[in-house]
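By written order: A, B, C, D, E, F, G and H. Residues from 1 in each chain.
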Amino acid sequence: MMTTQEILEAVAAGQLSPTAATAQLEATQTADLGFANVDLSRQHRNGFPEVIYGAGKTAPQIAGIIKAMTPQTTPILTTRLTAEKFAALQPALPTAVYHEAAKCMTVGAMPTPKSTDYIAVVTAGTSDLPVAEEAAVTAQAFGNRVERVYDVGVAGIHRLFAKLDVIRGAKVVIVIAGMEGALASVVGGLIDKPLIAVPTSVGYGTNFQGLTALLTMLNSCASGITVVNIDNGFGAAYSASMINQL
Amino acid sequence: MMTTQEILEAVAAGQLSPTAATAQLEATQTADLGFANVDLSRQHRNGFPEVIYGAGKTAPQIAGIIKAMTPQTTPILTTRLTAEKFAALQPALPTAVYHEAAKCMTVGAMPTPKSTDYIAVVTAGTSDLPVAEEAAVTAQAFGNRVERVYDVGVAGIHRLFAKLDVIRGAKVVIVIAGMEGALASVVGGLIDKPLIAVPTSVGYGTNFQGLTALLTMLNSCASGITVVNIDNGFGAAYSASMINQL
Amino acid sequence: MMTTQEILEAVAAGQLSPTAATAQLEATQTADLGFANVDLSRQHRNGFPEVIYGAGKTAPQIAGIIKAMTPQTTPILTTRLTAEKFAALQPALPTAVYHEAAKCMTVGAMPTPKSTDYIAVVTAGTSDLPVAEEAAVTAQAFGNRVERVYDVGVAGIHRLFAKLDVIRGAKVVIVIAGMEGALASVVGGLIDKPLIAVPTSVGYGTNFQGLTALLTMLNSCASGITVVNIDNGFGAAYSASMINQL
Amino acid sequence: MMTTQEILEAVAAGQLSPTAATAQLEATQTADLGFANVDLSRQHRNGFPEVIYGAGKTAPQIAGIIKAMTPQTTPILTTRLTAEKFAALQPALPTAVYHEAAKCMTVGAMPTPKSTDYIAVVTAGTSDLPVAEEAAVTAQAFGNRVERVYDVGVAGIHRLFAKLDVIRGAKVVIVIAGMEGALASVVGGLIDKPLIAVPTSVGYGTNFQGLTALLTMLNSCASGITVVNIDNGFGAAYSASMINQL
Amino acid sequence: MMTTQEILEAVAAGQLSPTAATAQLEATQTADLGFANVDLSRQHRNGFPEVIYGAGKTAPQIAGIIKAMTPQTTPILTTRLTAEKFAALQPALPTAVYHEAAKCMTVGAMPTPKSTDYIAVVTAGTSDLPVAEEAAVTAQAFGNRVERVYDVGVAGIHRLFAKLDVIRGAKVVIVIAGMEGALASVVGGLIDKPLIAVPTSVGYGTNFQGLTALLTMLNSCASGITVVNIDNGFGAAYSASMINQL
Amino acid sequence: MMTTQEILEAVAAGQLSPTAATAQLEATQTADLGFANVDLSRQHRNGFPEVIYGAGKTAPQIAGIIKAMTPQTTPILTTRLTAEKFAALQPALPTAVYHEAAKCMTVGAMPTPKSTDYIAVVTAGTSDLPVAEEAAVTAQAFGNRVERVYDVGVAGIHRLFAKLDVIRGAKVVIVIAGMEGALASVVGGLIDKPLIAVPTSVGYGTNFQGLTALLTMLNSCASGITVVNIDNGFGAAYSASMINQL
Amino acid sequence: MMTTQEILEAVAAGQLSPTAATAQLEATQTADLGFANVDLSRQHRNGFPEVIYGAGKTAPQIAGIIKAMTPQTTPILTTRLTAEKFAALQPALPTAVYHEAAKCMTVGAMPTPKSTDYIAVVTAGTSDLPVAEEAAVTAQAFGNRVERVYDVGVAGIHRLFAKLDVIRGAKVVIVIAGMEGALASVVGGLIDKPLIAVPTSVGYGTNFQGLTALLTMLNSCASGITVVNIDNGFGAAYSASMINQL
Amino acid sequence: MMTTQEILEAVAAGQLSPTAATAQLEATQTADLGFANVDLSRQHRNGFPEVIYGAGKTAPQIAGIIKAMTPQTTPILTTRLTAEKFAALQPALPTAVYHEAAKCMTVGAMPTPKSTDYIAVVTAGTSDLPVAEEAAVTAQAFGNRVERVYDVGVAGIHRLFAKLDVIRGAKVVIVIAGMEGALASVVGGLIDKPLIAVPTSVGYGTNFQGLTALLTMLNSCASGITVVNIDNGFGAAYSASMINQL
């Protein structure tokens, strides 16, 4: 695929008319499926390929997008995919693998990690597991080594200290917590690496579906913490992957 | 002062007409100042005398209420009193003492603690000090021993562990924190005594003047935590005092 | 089980290497089930054993946690357990008892109260009953005597006055109310004991699933009131139990 | 002034052209001052004359509106008027009276009450007084007898019972309360007359400038309660006056 | 039934011991069903009997409460009753009538109106009908004449003007509107009678389940408007009935 | 149909009594169906006929309204109609057409566009399609040419630039976006035509069902943007149609 | 100024190197002042020149931006400018005119209207005037005829009907209202032109600084209404100007 | 300074008693000033020294903390420091430098960047400058090279494209924006590096002091974006510095 710069130079050299250049540029970057405009140049531009957000799409739409991406991308990751929708997709995608705890599907072999640097995925409780697995599977699909440290919330803080070495050894740490989300502050005060906090919608009453954990994390008295949307394990892994592969 | 029960029995004995009983009952319990209906029977009914909330009252109103309470109550505590208002009150109340950090005034000698059991007042940061002092002075005015443990927030959690013995030795613990308020959860997970959490309005942005700390505390994953209104050091001390003196 | 202090002294005495000490310390305190890190030292640290929050866990997860806790804890309390989930658990836990109104399960005999001091559990209306029973069963499982005073809301305040003696006789009072939650203020003004207020999600429209009752309770003009999260009967009982057993 | 119906009949009788009728109708009903379109037919249409909301207007604007209303209305009531603005108005309005506690001004003599039926204005605390006085002065300016019952909040509920006869004797009751606003529910449960509740912005923290009291009143478990905007003493008096004069 | 005053006088006369008086007083006023404390003295105290809020109760609970109220009250009104729950109740209550549009049930004959004064129930749209019917049936059950004026929202304001005479003829007007709720302001500007506004949860997006209509009504530029909770047709009718029967 | 002015002139000429005029005026403008007051004069007054909002109505109600509108309006548009409700309506409305993606029904032939001026309907993602189709079908039913530009969100901004000519050629542009809604700002900065922004409820967590996109659009740093309610494709098309046909 | 297309064609013709083209393109479009990057190509791209938002800028910054824009733009409009800041600017900008009610400044002569089509600026009350004037002055600075219709709120709806002809004669209508904002719905139901609604921050209590009026307008039952941010008179005028000049 | 591990090993070797070890550990890590507990081991633990948040502290408190930190830390950074407070500090801190635009003070020489890798600090508008400078000065104080790219908001998106090379060349990008905050999404879609978004409180009305920009950034359709609290330039720089120095 020619870069934008190469195309412009071809225009300058008179090898390409502006109209043709525009057309070609677009054609190589986008697959227009009618219902979707698949962004095929994202890996080139953003470092990672487009990932399919399964929640808002029908099984045929997902299958169509995967087909359009197939020659260029591997593995193709679909997030927020229910078991029902996966079952509907399986006949069309016989090699697809469903990661049940993560509610993710991958088409194509998972890559081996590009280095021994790893991302630590840390959770406060058992109920945060689906978000944590979405993060972990995403990070692995993008070629990262991942270490899972689960159920180490501050109500029993000795559980956290027992795993502190694994957390401190990571190049970047993802902390996932619902309820009051205090784990992010405590971990943030104990490490010297970037920490990405993911609030989860675990809780009840004034938890407001994760809003409380989000606010806790945004207002942390510990430094070095950045935050993503509620339950956004994918987004945390995406940023963590960028950092881990710097 | 006759109790309600005694008055009713006097009515039953024909020693008191219903109308007279009603009048007497009210007269002994309330001092009607026009602008205020001072509740003189609160100590009898609630265990502690009425405390004057200074924020919504003028200096003359405060002086009038103190005068009405004087024969019965000592010390008389006024909270949320600015230094300016105290200066205006001083000529009329020459024995009054102003507790500047707490923004409280006491009229009458502070009591000696009723026992060696103590209330620990713990803060996350330096900025939480005014609320902490309101709590501490209130608790002392109600006859409690108080131990202050300040600036032990979770961003440097070793500071907390260094003071853990003092906290664990208390009969009841007040934890005061702004920003994300995570200190309450961490302390709550480490002690076996009742913990009253006070969110403070310290912070900025999505702290929302203390709302974030309040939500954190209400959703704590640690058990044994109850919560009062934002910046309500007085209220926390009132409940802690009830518990400390059980 | 050795205390932390004993382990450290053993280290100092050369009887235990730091590495071994750490391992042993953790091993004795935590049961790592993969999906959960059961906190076995909580009773030692917090005075009461870990309680299982049933809402976020599958039946096999609950069964596994109970098995890990079994030798050390009795009774084992599970809250927020649906009748369906209990039915699934029954074969594996033949001695388990389901408290339907409370949606709680206990495994192991309920303790006899440790003293005649009691916790009063007071509700405003009939609809607050599930939260009240969660509180009452929790308190009983922790060894407290409980007195229930139900449906005495302020719309018919004579119902409250008729039960005032039972309320005033308690060592600590739990007031549970939905809608506007005014009962907490009224009771708070009439007693001289700690009051823990529990807002419930009973109501409609601007009740906002209990938020209005919560705000009412946090802003009560009566003193001596602390508050827990919406519908958190368990949390109120936990704190009340700590106070009742001081 | 001709009524709308009379004008239409004049049109039907050919005594008035549609264009002329429209013009006359408008001319008799509105005084266009450029900056304001004074509604002169409001008393005819709504039973009470237009009242000037002083907060959003300059002193010259207020003076101009009063001049336009003068021949038809007495007394002319201006609400939310600061002492400073009143001082600026006094030279132009020598007969004006300033009601300081109410922050209201009246021009023209206050009417004698139209009957012995009265409106009870009840407050929870001393700080609710400005709103209460706005309500009381408004009601009096509209020709009602008013009974004031101040500082009878539920933290000392015996103060309320001592004044219950005055409250029960009213034809309509206005209850004014800040903080948690529980007084409305308690009074509502004790009377058989319409109750208009006014939340005030008295409080701090999660009081949210009166929002908590408003929510409490909207969700009252007692029936027969309707609510107006925060601090809207005028609006409560307006409705109460309509009811009192039925 | 003896009044409180009569009982107290009997105590004074030595005809009744305080203990006995208390017991009798309570016994005559409350029917304790275990799950509920039915308030039998409400009609005496508040002018209207207790009404059963069906939403939070099981069919057996409702049947039990109705049985306890039966000798004293007629008709007995139950609101927020689904058709399914009514079907379950019918065998036990053969004379019960279900008002489907209102989701209300009455047991006992509806009273004939006590006067020709009437309550106008006005709605903005077709979707506001269930709330309007709850209001209308409640008002009729309390002995009021009701006039319904439906679907006259401001998007086609000529529909309102066509019905203005019926609205203006009422002694009190209930305006029921969802979406932006502007109808209350427009009607309020056109009448000289008390107006009770009921926001409904009709709308989508930023309507926030009726919150927008509520806020509109609380902030109305027209005077004489008071407001009840979202969808609270019952509450509006209760207050309107008090006013209509003054 | 006579205009209001013509009727008034007939009254002035004595050809019509005021009573008769009123009756006729109303009769010609409104069809009172009991459950609805169909506004038949809306096209005359507002330029477009009344459109049926299907969400809050039963199939028989919709059928009744369509019958009342039939002689005067074509096509008759119903929005927010589920496939199930359409199926129930089909026997009664054999010529009705269901636009599935838009969840709209039209009865009567779609008009040919009144000019070549067109409305561009632009979406950020695939999930915004239902709202976009509601807008597009509405605009077509009102006689406008529509150009659809779908899935050009800012995460792959080259997709937008590739379609910029179509967008710039429109007389008015509708931009439809969920999540963070940034597309409206970007398009607004690139065109010189009115832009109507429609936030959609696509997203999760702090998206708050479209509130975030709404706030983004209201606060856009680009000028020339106005906003409608969340998911209100119909409303955007209505306004766009007015502008396109100026 | 060369258009983007012309520059690209020059590149294609070899008359311009890609690097030079980029530099020139940027240079002609932006004036980099260090503290600001003035967008000089906005009129070309968006139809109207950049307008200076005065609130966030110092007087020297404003003077600098005006100097950079001077050769190309006339008049240069600055909004949200306090009288104090204008006084500081006057020496440097001797020809500047300050529109006090609008808090706007113009440098350069106001244009004569481009046509007789006009924008009606309608307000509910006197307090909405500053926002209305910001809208009116902006519209005039952009070459539009403006008709002002002030203080016609729905509390006295006859005032609105008296001015209906002026409103109906406009090509586009701006409705500006605070408090409950109902005027937008009423006007929207009476006209057949695009209506842009501007909520203002006029009100108190649950008005929430204009949020209530905003919500009212977004949820209007009338069609053809779009909305801008609270107090955004400028934004409404910008869109209205685009529509008026189509 | 001994590490925790070294201390424990000394304990194991019998060279240090547990009590002495605890004391020493604490003493080396904390400077207890009474009003503050300065965390001296933060650089060791978190990679960067403690930074003084100036907003909540008096000048003497700041001076005291700086004195305690002086031997170990350089430079010492104080954020959120007003010019007035700096003036009060200057006599005691003659070498202190005030960064006015950033409202930060540094004591001790700024370090030279540790590498040529740089952090790009990008802003949408001129008003975002204070937050941007806080970020830039913080990053420089931590030893990073910084490139500033200011005023490139999406309303004139060509300004952004002109600076894209500088942004793409960074190792990590900080995007700072108020109003609707759309710039973060646009930049996020164009780069392949971690992006930290900082919402600012620039805006009005429904901007809600930065909440809108925060929500926009949390919901971005572009991946690789993490977010910090409103106006938290320091926090963004802290995390960016960690990443830049990996």
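The working rule: a contact is a pair of C-beta atoms (placed from the backbone, for glycine too) under 8 Å apart; a residue touches a chain by one contact, two chains touch by 3 or more.
Which chain is which protein? Per UniProt: A, B, C, D, E, F, G, H = Nickel pincer cofactor biosynthesis protein LarB.
For clarity, every value in this text was computed on a predicted model and none was experimentally measured.
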| item | value |
| --- | --- |
| Given chain B and chain E, the chains that contact each of them | C, D |
| Equivalent interface positions on chain C and chain E, same or different at half | different |
| Equivalent interface to C-E, taken from B-C, B-D or A-B so that over half of the residue contact pairs match | B-D |
| Between chain A and chain H, centroid-to-centroid distance (C-alpha), Å | 26 |
| Cα-centroid distance, chain B relative to chain G, in whole angstrom | 53 |
| Distance from the mean Cα position of chain G to that of chain A, given in whole angstrom | 42 |
| Shared interface positions of chain B, touching two or more other chains | 45, 125, 155-156, 189-190, 205-207, 211, 214, 218-219, 223, 229 |
| List of chain A residues in touch with chain C within their complex | 125-127, 129, 150-152, 155-156, 158-159, 162, 202, 204-207 |
| In the complex, chain A residues that touch chain B | 124-125, 153-157, 179-182, 185-186, 188-190, 203, 205-208, 211-213, 215-223 |
| Residues of chain H touching chain A in the complex | 45-48, 51, 171, 189-196, 214, 218-219, 223-229, 234-236, 238-239, 242-243, 246 |
| Contact set on chain F toward chain E in their complex | 22, 25-26, 29-30, 35-37, 39, 41-42, 45, 50, 55-57, 61, 199, 201, 209-211, 214, 229-232 |
